[in-house]
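Read through the structures below before going on.
Each of the two complexes below includes chain A, the first together with chain B, the second together with chain C.
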Partner chain A sequence: MVRIKNRYIAVQIVPYAPVNTLRLNDHTLSKCLLQNVEKYYGVYGLGILEHGFRVKYCNERTKIAIIRCLHRGHRYVSSILPLITLIGDVRAKFRTLYVGATIIQCNKFIINHQRQFLDRMMGQVASAKERQDLFKRVMELDMDR
Partner chain B sequence: MEQTNGFYDFCIPYNKDDKVLRGLLNELVELGYKTIAIEQSFDHSKKEPGKRGSEMFPEPHNIENIRQEFANKLKILQRITILYVDVNVSHAMGVSLNLRKFNLIAGQPKTEAALTHCCTSFNGDIITFDPTAGSRLLVQRKPYLIAVRRGMYFEIKYSPAIADSNNRKDMIKVAQNYCTKGKSRNIIFSSGALHEFQLRGPYDVANLSYIFGLSENQGKNAIDRFCRQLFLRAESRRLGKTIMFVKGNGPIVFSDSSDENQSDHDVPDEMDALVKETTSEEEPERECSQANKRLKVA
Partner chain C sequence: MIGYHYFDVQLKFRDFDNVELTPIYFRGCVLNSLEKFFGEIGGKTSLDIVKFSVEQRRVVFRVPEEFYKRIHTVITLIGHYQEVPCHFQVLKTSRTPLDFKKHLIGEDYCEED
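Coming up: the complex of A and B.
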């Protein structure tokens, strides 16, 4: 069976100054990425990439996003991610977490990653209430879109 | 042999401000680096040529307290970058004792002749270039191949490429030159970041290899395996010809029983100290092994 191969890139957005939420949605993120692709690779890169490019998931509180693109063009995206310093109107940098072939694998990895983060942070929080809040904040992951 | 773990970042410029340096190191731990080198640059051409034979190179900065703070998170090495114009530097390097206290030695040539010298006979490990000066210096094919055969590594710093678009163009030009002249062999990536915002994770850096003309494998090796090889080479330069590497785990005990003496004569001369492992607590052990290494190097 022949099928269309995709690549899913899971990224974390690390802002310059720590903030709680980013004002960011799928649309602005994908616009920013495509703009940068055009800046570095020109019209050719955009032509290769634009078909099949989509930001599948973007969580502004955990600051994690999943980008989908065709297998043929995924290196055009992944190679410029380190060079981006401005996302929308926020100074921030990308941190590539994982590149996978299915969204389920990406999902698994993100859950693992967040759990590890949680393990590290839990020790520093004193009260039980705050702990629950933290848990809710970190492990939130709605994939119903 | 000394244990080091990936990933590597061999160029963190030294900062007098403790807070900035600490911030950088914390970010590095967060991103998953395990072995880093703190860089100290030294301009050889500015020194007057009057006095010879005396010590030219500075002492390494004292970073013991930082080392202790990041004891089991990061392995911190020290590196010196020598900027030079003429070949006289090799004599000064031969007689210098301070130079042996650094783990890594990098050369940053300023002229075409110096670059050729750097590739063919420089007694160091890394060849780097000035990102702000543009791409006037491009390496020729022959010196490049010689440098590869000698096991030297070329360094590409990525953080100037992030900060400024002119630097980015030059950096890509230099990197692509390595690709055309010798298939990008012996290339390592390092950050050279002045601020923690300019640091990137190891996989991000490996992805950058696409625009620098390296293959996927080379990009991955440039932050991992090649750096390990480079480190081993640097160690062997520091210690001289070495077959075995004995590292004390406890205090040195010069045993006086006849049995022990007998075996002492059998071992080669290089191992002048018979090191006996004893089970003692964690803290003194580490200190001793440090002191022991010093003793061997000096």
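Coming up: the complex of A and C.
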């Protein structure tokens, strides 16, 4: 039996201007990525990538997305991510966080990543008042880096 | 030293009277379709025209060795030249320089890797 290998790419969307929520959905994101693949790798690259390509998860509050693609085409996506500066109509860039073989591993990584971020930020804050503010902001997912 | 691959190509047009066949336009046509099929990253290369004959409608050009397969694909897939339906037939490919005189038209032979 033939097993189909997938790759899951966890990315963070970093907007140019700090905003609370990105007006982005799965469709806009996948359209933007496929357009860029066609620009940089042509019809050939698009043909290889399109089969099996899907944006599995896109959270506009945490600004994190998970992209699924076939194993043989994942380099077409991961190599163009740093070149993208406009997503839909929002000026933003991608930060590749993790490339994994299962969505569970991606999920684990994202949870760890967020936890580390919170620990780091909490360590930097001196006063209790600021710490409370940060905690509140994190709970409201209002954190721009 | 960069290794080159030489192509001997026969150009066939449906309506040759409406076509302005020059080395520059031909080169532009090939490079445009290369960029369309393989994009900005995959489709940038140098293409040197070695021989060009409008009467015989034949071209000999060379490309860097790593672009051999891509150019072969693109040459085969080209369907229009200046909006005139056409098709380009690869008569011969070689690692050594090619010439019109050495190989007659209709000699249907491609050197494989």
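Remarks
Definition applied: the second predicted complex is superposed on the first by the 119 of 145 C-alpha atoms of A that agree within 3 Å, B and C clash if a C-alpha of one lies under 4 Å from a C-alpha of the other, contacts with A are read in each partner's own complex, and residues count from 1 in each chain.
Criterion: a contact is a pair of C-beta atoms (placed from the backbone, for glycine too) under 8 Å apart; a residue touches a chain by one contact, two chains touch by 3 or more.
Since this is a predicted model, take the numbers as computed values, not measurements.
With both complexes brought onto chain A, simultaneous placement of chain B and chain C is permitted, the two fitting side by side without a clash.
With both structures placed on the common chain, the touch criterion links A:Ser78 to chain B but leaves chain C unconnected.
Of the two partner chains, chain B and chain C are each touched by A:Tyr40. By the touch criterion stated above, A:Tyr16 is placed in contact with chain B alone, chain C being left untouched.
Set against each other, chain B and chain C differ in how many residues of chain A they touch, and the higher count belongs to B.
Of the two partner chains, chain B is the only one that A:Arg95 touches; chain C does not reach it.
For the three-chain overlay built from the shared chain A, the minimum Cα spacing from chain B to chain C equals 6 Å.
40, 79 are the residues of chain A that lie in the contact sets of both chain B and chain C, per the superposition on chain A.
Residues 16, 40, 75, 78-83, 85, 91, 93-96 of chain A are the ones touching chain B in the complex. For chain B in complex with chain A, the touching residues are 31, 158, 161-162, 168, 197, 200-201, 203-205, 207-211. Partner chain C is touched in their complex by these residues of chain A: 37-45, 79. Across the complex, chain A is touched by residues 35-43 of chain C.
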